[in-house]
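The structure that follows is given in the form of structure tokens.
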Amino acid sequence: MWFTAFDIIGTVAFAYSGFVAGARRQLDLLGVVIVAFLTASAGGALSQVLLGEVPRILTDRLASGLIFGTVLVGLALHWTGIRRVERRWTFVTADAIGLAAFAMTGATLALSHGLAFFGTTLLAFLTAVGGGLLRDSLIGDIPVVLRSGFYGIIAVFVGMAVYACDRLAIAPDIAPPAIFIGAVVLRLIAHARGWSLPVLTLPDD
Amino acid sequence: MWFTAFDIIGTVAFAYSGFVAGARRQLDLLGVVIVAFLTASAGGALSQVLLGEVPRILTDRLASGLIFGTVLVGLALHWTGIRRVERRWTFVTADAIGLAAFAMTGATLALSHGLAFFGTTLLAFLTAVGGGLLRDSLIGDIPVVLRSGFYGIIAVFVGMAVYACDRLAIAPDIAPPAIFIGAVVLRLIAHARGWSLPVLTLPDD
Amino acid sequence: MWFTAFDIIGTVAFAYSGFVAGARRQLDLLGVVIVAFLTASAGGALSQVLLGEVPRILTDRLASGLIFGTVLVGLALHWTGIRRVERRWTFVTADAIGLAAFAMTGATLALSHGLAFFGTTLLAFLTAVGGGLLRDSLIGDIPVVLRSGFYGIIAVFVGMAVYACDRLAIAPDIAPPAIFIGAVVLRLIAHARGWSLPVLTLPDD
């Protein structure tokens, strides 16, 4: 049940982040739809292909309907002049929600395939950052996962936390939403305060 | 039968577009072969991997033979001084033919796997634009599917038309070549006239 | 047996090349780990997905342990001030070893799946250049396989040589290490002397 909820939340949030990113780059209508689509589906499709499944985006009407619906809502807000939705913080918030939600679905999918600690963490990471990495590459930006000091590490934390809660049978009803909300809040605080990880200094050549 | 014909047409056309793109960027011989190869095989390989098949480029001698043959013909034309083949319109024409042919094979493959309307359209799109997107990324261009106003939408139209003709059993002998030719012509007209889709304007931040 | 040896060598070498590339770009700690990880695992994961296998990086603790161990050693060398390890030639050597080792594993994997001459060569190439291509794209460089005159061709040579030795049953005990060492030496000589392949000249448009 939580899996479906996080899948819906992540799909809508990443579709919206892709819509905003495409609109900010002044892509045309199809370009905006493509970027929204790939952002919302690439991470999940990657993890499903890695595990030998046919990506659900090809067969599942819910996912494609959610993405198109999100783009239509975005266009309605855009064309009715309510443009505040395209501001920077809207993008960051949608991206943070998508990151946390897809890290949850990636970790859950990994557990259902019997992966161990490392595989669960890696799949949470790939599912969560795959869409945003493709989005930023397509519009010509440096991917946020490389640019931002405290982004991909959150997906890693989520994967570790989901694995630990599953193995130790900690609060199966409360743990998933708690981890998800904690991850979103952590990402927004990290963005607002400009948290970063230690940087390796460049040696003389 | 039509599937094989469109597969051959698309492979040769995209291999040639990759050869021309690589030659225009003054890549070395292997670079030109790599770009021709990936352009001609990436879209088909992507759709086959998504559907759980082993990409035919790994096992099928016809496809690899066609690509190498196309590069050899291109090199012969290049080195014999008949350089007009590398002009801009040659590239655009080869790219338009590849786009239409691979949209046909992607849609046909999707139907043979029992995908519904949306899955068929998506697979037509991914098969058709995958190779060109990789080609443009490799040589450092913004992908034509994001740059051009009326490119990816043609693959979407092809996917929808193939699905509709299949479900409504419209002219199974004549529909595939008609859709293909229509798509090539539409793309060339769109390029010549500079057609575009509506662009979303940039909001103040 | 050789397969496992080359897999270990290639994983450590490419992880180290990714660590150095990330450190030179002054990425943060997680960025360096990500780049090391993707460089060391992307080529193998690609060839395994193409052949319908679940990538071993998701399930195999050895590979992930090797990558983390390599990054830890790199960090220890970096933070203890022994920075010479990050110089240009360290990167080129690690990259050459990874290229040769992963070309060996790609070709061996292809043979074990019954692929023919072309498929074996292609898989050797994709396995060997996949990680480096992703590494260079992530840090914003033009991929070395397109930039360098004599890089990808070495993976092609390895694929051809492994296929020939297997089919002609030439020295099964000595051929693998001989091909591997020959490939590393060839790449280093090619780099030192600036070897290149013929370049196609740009036509007037």
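The chains carry the letters A, B and C, assigned in the order they are written, with residues numbered from 1 in each.
Throughout what follows, a residue touches a chain if its C-beta (ideal position, glycine included) is under 8 Å from a C-beta of that chain, and two chains touch if they have at least 3 such contacts.
The chain list, named the UniProt way, goes like this: A, B, C = Glycine transporter domain-containing protein.
The structure presented is a predicted model; accordingly, all values stated were derived computationally and were not measured.
Student: Looking at which chains touch which, would you call it a line, ring, star, complete or other?
Tutor: complete
Student: Compare the two sides of the chain A and chain B interface and say whether they are made mostly of the same residue numbers, over half shared, or of different ones.
Tutor: Different, since under half the interface numbering is common to both chains.
Student: How far, in degrees, do you have to turn chain B to put its CA atoms on top of chain C, rounded to the nearest 5?
Tutor: 120
Student: Round to the nearest whole Å and give the separation of the Cα centres of chain A and chain B.
Tutor: One centre to the other, that is 29 Å.
Student: Taking each residue of chain C in turn, which ones touch at least two of the other chains?
Tutor: Residues 49, 52, 137.
Student: Which residues, counting only chain A, touch chain B once they are in their complex?
Tutor: 22-24, 26-32, 34-35, 45, 49, 52-55, 57-59, 61, 64, 75, 78, 83, 86-88, 137-140
Student: Which residues of chain C touch chain B in their complex?
Tutor: Within the complex, chain C contacts chain B at residues 49-52, 110, 115-116, 118-119, 122-123, 137, 142-143, 145-146, 149, 152-153, 156, 196-205.
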